[in-house]
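For reference, the structure I am asking about is given below.
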């Protein structure tokens, strides 16, 4: 869809977001709390029909951020949802796999590496860490030194 | 042993490489470089092989498998560590998934293993050929 | 073996000295000829691919190197069968080539030796199947299944092709008389020759039919667990088959390998090289078939071609039309 239409449609979900950031080079970031992430994902995927690209996870000092990236192929614009997980002790977020089967392996990888729990994930198993890796050690968390 | 220098059958093992070195190894075995005139042939089973071309930094998952493949290779055999990662962990130094460079993994199984190193990221096929020939001449 | 041959002798006898030389030299000579033949295959393949290819002694270096490596026997495998299978296969091929050389050199034969030859030709494939099923490995098991299906596929067309030849040469069952004629210069003979060429391609394990030992698919399926001297025996067996099987085709279809004069020997070698080069060219220009495609190819297409050939041969025989 065209850029203007995209911007207009994004205003519909405004009530669930903390903020919308427009970065140069056709990047739009939708900031939200982790409770609303599933609804925003559903809106972008099913409501607007954008193409799902990937999910990334970041360990910021005081919270975790999960970014869901969607592409609007007509204008080359990337819309990313930034979901903040404030609870560092037991980070959990709703899984998008029931809606998007492609998210299954991506969320398994984020769980292996950052230790974020995904509620309602159909098949949460170890994906990329080796079989003899100890449970509960999440390599890409900032406090893990070795 | 003398015949080993004239007829080297290679088997390719990837222990967690980014595939760059693997592509160069496959390039090596195409008709353009014609390694058959040196007696080098790709075989499908480690039991037939005289040389293991190992690429990739040895990840924890792949370390046990690499040791098993080495045990199944009929001795005498040479292990070639292709690339910077196999030679000494390359850019993955200190990462969480590295179980040591390939030579440390092989030496756990067989301290007297013959190991040759071909540096590069990835090494050119010409470099690989020269490495193989030099290693065989030195045995 | 000598008495059996001289029983129904129709051609010239050999002097005692040349007899002795023959019996001493035939087995080492066949093995050396096999190594040279496998070098020819690799060199011609290399030239077709615009590259240089291995030196002449390369197959010899391969075998010598293999003899110097350790033999690994799988722990769960059947030891006796595992070790005996390659030896049985090699023995079968050596007996076959000994028989063929004897018929060529002494121009004597015995009735029914075509049948014995066909029987002996199955022995290497059988040995391959036994050896790989004694390997206790899933890859080898896949290779075994494929090799069995392949053998079931090409044995029938091969036998039918020889029946065509037997019809065309007037119902004789010994190789010396068959080798006098050249049944390839006729429609049914040409069909039978082409089909049996492809069957020999499958028996030798060449592309497009190297399904059982497909290197990159099942990690050398059938002979995957072999190493060292046993692998050397397999390789020698495969190169000796390269001598025996095209020679058999030459004798049955192309008019034999005469030894009466230098010209006849040269013509014989020429015919053998022609068959070998045909096999190599087919090998280099085709991709590998799947096992179901191969079976369909042999049973449906080759079967229909051969049924037509048999019918044509019988018509030609009844009405005395030679070019049919």
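Think of it as A, B and C in the order they're written, each chain with its own count starting at 1.
The rule is simple: contacts are C-beta pairs under 8 Å (C-beta built on N, C-alpha and C of every residue); 3 or more make two chains touch, one makes a residue touch a chain.
None of these values were measured; they are calculated from a predicted model.
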### Task
Determine the shape of the graph in which chains are vertices and touching pairs are edges (line, ring, star, complete, other).
line
### Message
Applying the document's contact definition, name the chain pair with more C-beta pairs in contact, B-C or A-B.
### Response
B-C
### Query
CA centre of chain A versus CA centre of chain C: separation in Å?
63
### Task
Averaged over CA atoms, how far is the centre of chain B from the centre of chain C? Could you give it in whole Å?
37
### Task
Measure off the straight-line distance from the CA centroid of chain A to the CA centroid of chain B, and report it in whole Å.
40
### Residues of chain A whose C-beta touches two or more other chains
none
### Summary
Counting only contacts in the complex, chain A reaches chain B at residues 129-133, 139-140, 144
### chain A-touching residues of chain B, taken from the complex the two chains share
59-61, 96-97
#### Entry: In the complex with chain B, residue positions of chain C that touch it
42, 46, 49-55, 57-58, 61-62, 64-65, 68-72, 139, 214-216, 218-220, 223-228, 231
### Query
Within the complex, which stretch of chain B touches chain C?
1, 3-4, 6-7, 31-32, 34, 36-37, 39, 42-45, 47-48, 50, 72, 74-76
